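In order of appearance the chains are A, B and C, and numbering begins at 1 in each one.
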Amino acid sequence: MAAEIDDIIVSERSRDVQRKTFIRADNIFKAVIGFFAFLVIVILVWLGIQLYESSQLAFASGGIWRFIKGSTWDPVTGVFGALPFIYGTLLTSFLSLLIATPLGVGTAVFLAELAPKWLKRGLQPLVELLAGIPSVIYGLWGIFVLSPLMANTVEPFLMDRFGFLPFFTGYPLGIGFLTASIILAIMIVPFIISVSTEILSTVPVPLTEGMYALGATRWETLKKIALPYAKSGIFGSIVLALARALGETMAVTMVIGNTPQISKSLFDPGYTMSAVIANEFTEAASANYLSALIAIAFILLLVTLVVNAVARWLIWRTTRMK
Amino acid sequence: MKGGGFSYWRRKTSNAFVTILFSSSVLIVLLPLILIVGYLFFKGASSVNLNFFIHRPAPVGEHGGGMGNAIIGSVYVVGLASLLGIPIGLLGGMFVGEFPHNKFSTLVRFVADVLNGTPSIVMGVFAYTVVVLPMKSFSVLAGGFALGVMMIPTILRTTDEILQTVPTSIREASLALGVPYWRTVLSVVLRSAKSGIITGILLAGARVLGETAPLLFTSFNNAFFSYSVTQPISTLPVQIFNYAISPYRDWHRQAWAGALILVLAILIVNFAVRVFSRQRFDQTV
Amino acid sequence: MSNSNDINSGIVAQDLKAFFGNIEVLKGISVSMQKKKVTALIGPSGCGKTTFLRTLNRMHELARNASIKGKVIVDGTDIYSPGIDPVLVRRKIGMVFQKPNPFPTMTIYENVVAGLKLTGRHSRKELDEVVERTLVQAALWDEVKDSLRKSGASLSGGQQQRLCIARTLAVNPEVILMDEPASALDPISTAKIEELIFQLKDTYTIVIVTHNMQQAARVSDFTAFFYLGELIEFNNTRSMFTRPQKKQTEDYITGRFG
């Protein structure tokens, strides 16, 4: 009898030991995977600090604002002002949004609300493919197909009809702000489509049915119910696309003309922040030059960080409603 | 049930008009895709031959040559990137997916999304300052670092999402058998999420395979076949870029051929992923 | 067509079949429902009563893969005949859903006039008048008259459902379809809705789906019993609940299955 009780006590004890090792192993496991998750945060912080420190030389004379407001970029005399690039980035990004937003939202509405299931299933991979084509290939196509088309057909036409507007003047080169914006629009439209389609499909069915039951047409139901409900999420998808456009490099570099100037005409060549980094980084011989380029990368990082955060917040706000 | 005059006519018309408008926006969006893919085959296909795959670029003025070294270089750099991107993305994603509802996980998820949206050229500058400058040389290592960092958020977020779809009952069944938690995650949970995780890794790889900007001043370029981790190397996207902006017709031809190969490679990965994930759904349904 | 000429028949279904893909969920329903009366549709869940209700104002076809065969005749017109616009059908035949579904992006006021505003311009005065009239009809006016600018989602469940009824009344339908309108509500709200139905039947033809047999007995003039996609029995409510003709009906209303 006593031996049996001993046995039980012993086995209880060993099970206890076993449980403790389990708990210890589990905690180690949690700590290890938690550490790797933490690394992601470390990388972002490291990235920020690294770029900030490497751009100090560029901010040394007159600080960050002077750098941003400087409109002259002359590596030969060592004058570095980022304004022409900031102008080019903002202009091409917003112009591309102007083109991509109606097309993207329109396509999303078509996919989410109008298309029969088989068509939706066929079209969605194509939209993903559009997003998956590398930037450099858009650029290649831009140089050899889009740019001649712009120079020979589109830009002369625009000059002919709308030449009285200041942004349709100049010489139709086929490379410049307008061509870059069109390429950008093609590249960012899949982001607007895929996020907006997803957002639209979170609109609760009882709400749309309620509107249909009042005798509303499909468009009226969309306009009164689905679009207001999805508004902030769709806006988020547009902001997300803006972040992409701001940082997009290769395709823009290949068709914008790489001239640091602030011009009103959309036909004129320009430059963007990402393009100047891509083009001049390996040529930057002096420490000042290199630091100025890194400073541009730092500003680009800050801007996309803010824009991305806003986009995520907007999308999160809509999907949370459900 | 008769139509209600002008107001009804106006409503029907605007409904039809808007429907046409939305449908046509799809066509406008797909037009460039058709044009791009069409041109790739039209201009690229004729230059793709065996030489293209096994030769290095011919010097200016000489006819022929290929992108063999660039193809090897791309595989090399993406392979190295995977060594950095997969462990951090996978293990980090495991934490976020297994403990989804705490502040730390929410923060990690947010940071991953922000990192995912960071311009690739910025990643290149980052890799330049932390790898190229200390080593005083462009290298495969630097390119791999830049692309590796870019792979992390994609892998982390797909792992996260897939693990969250694994039913709690599977975890509980294993835990109830007395299997410790860490083994439950590593064997039971990961196994049922396996195909989803592989999908995420493949997609991340396909995405960075086409990246050019972060490689311009990290892995740089090389006219020769090179296998050293500490030396610059030629990659397919960078080679396409250099050829595209060159003034030589023969190089333009090669750029189109390279672009066709690159897009086909990415298409094949995407297609494989599609087949792969469909298989998985067939099994569960 | 003889039924449809009957002055009293509000809605006549003739051999109505409904499908989801290849699955037949209604297997040939023929029934005539009277004008300005309340008809209750009862039966165990999955029997097709809700589907039948949704075929009466062409809501069924909004679901993917859904299709219809047969006729539904309202005022001598088959609402499924070609050339009939479902938009106009739904305007004449309103619907109240199981779960209250006020539009969350609109105020109480906007909710009520949402359907009305679709057709042409209305003066402010006209709209105000409709809002007051229908909210009074829906027994909600006293509770919300001071907060018409608040979101419809800020109301309680019972109030939301009455708001949805007011919204339906505002477009001036002839028929109101109700899909278990009180199933998501507390007993007090349920009583209010039932009282409302009683008042509305002077003006409107009402078809109501309910899983609650006491409710059917309390509010309806006629009852239709559905089982496995078929109409088993249709009679006036009193006879149905006192002397059911079919064994299945008796089993169901005495609680022996379902």
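By our rule, a contact is a pair of C-beta atoms (placed from the backbone, for glycine too) under 8 Å apart; a residue touches a chain by one contact, two chains touch by 3 or more.
The shown structure was predicted, so the numbers you read here are calculated from the model rather than taken from an experiment.
Visitor: Give the label of the chain whose average Cα location is farthest from that of chain B.
Guide: Most remote chain from chain B, centroid-wise, comes out as C.
Visitor: Any chance you could check whether B-C or A-C wins on number of contacting C-beta pairs?
Guide: Of B-C and A-C, it is A-C that has more C-beta pairs in contact.
Visitor: Grab the C-alpha centre of each chain and report whichever is closest to the global C-alpha centre.
Guide: A
Visitor: Need the CA-centroid distance for the pair chain A / chain B, whole Å please.
Guide: 15
Visitor: Which whole number of Å gives the spacing of the CA centres of chain B and chain C?
Guide: From the centre of chain B to the centre of chain C is 52 Å.
Visitor: Centre to centre, by mean C-alpha position, how many angstrom separate chain A and chain C?
Guide: The separation of the two C-alpha centroids amounts to 48 Å.
Visitor: If you look at chain B, which of its residues touch at least two other chains?
Guide: Residues 11-12 of chain B touch two or more partner chains.
Visitor: Can you list the residues of chain C that touch 2 or more other chains?
Guide: 87-89, 92, 118
Visitor: At which residue positions does chain A touch at least two other chains?
Guide: Expected reply: 217, 220.
Visitor: Quick check: in the complex, which residue numbers of chain C touch chain B?
Guide: Touch list, chain C to chain B: 74-75, 77, 79, 84-85, 87-89, 92, 118-120.
Visitor: Which stretch or stretches of chain C touch chain A in the complex?
Guide: For chain C paired with chain A, touching residues are 57, 59, 62, 64, 87-92, 94-95, 97, 99, 101-105, 114-115, 118, 164, 167-168, 171.
Visitor: Residues of chain A touching chain C in their complex?
Guide: Within the complex, chain A touches chain C at residues 117, 204, 206-207, 209-217, 220, 224-225, 228-229, 321.
Visitor: In the complex, go through chain A and note every residue touching chain B.
Guide: 22, 25-26, 28-30, 32-34, 36-41, 43-44, 46-47, 50-51, 54, 102-104, 106-107, 109-111, 114, 123, 125-130, 132-141, 143-145, 186, 189, 193, 217-220, 222, 240, 243-244, 246-250, 254, 274, 277-278, 281-282, 293-294, 297, 300-301, 304-305, 307-309, 311-312
Visitor: Please output the residues of chain B touching chain A within their complex, sorted ascending.
Guide: For chain B paired with chain A, touching residues are 11-12, 14-15, 18-19, 21-23, 25-26, 28-30, 32-33, 35-36, 39-40, 43, 87-88, 91-96, 98-99, 104-105, 107-108, 110-115, 117-126, 128-130, 149, 152-153, 156, 180-182, 185, 206-207, 209-213, 216-217, 220, 237, 240-241, 244-245, 252, 255-256, 259, 262-263, 266-267, 270, 274.
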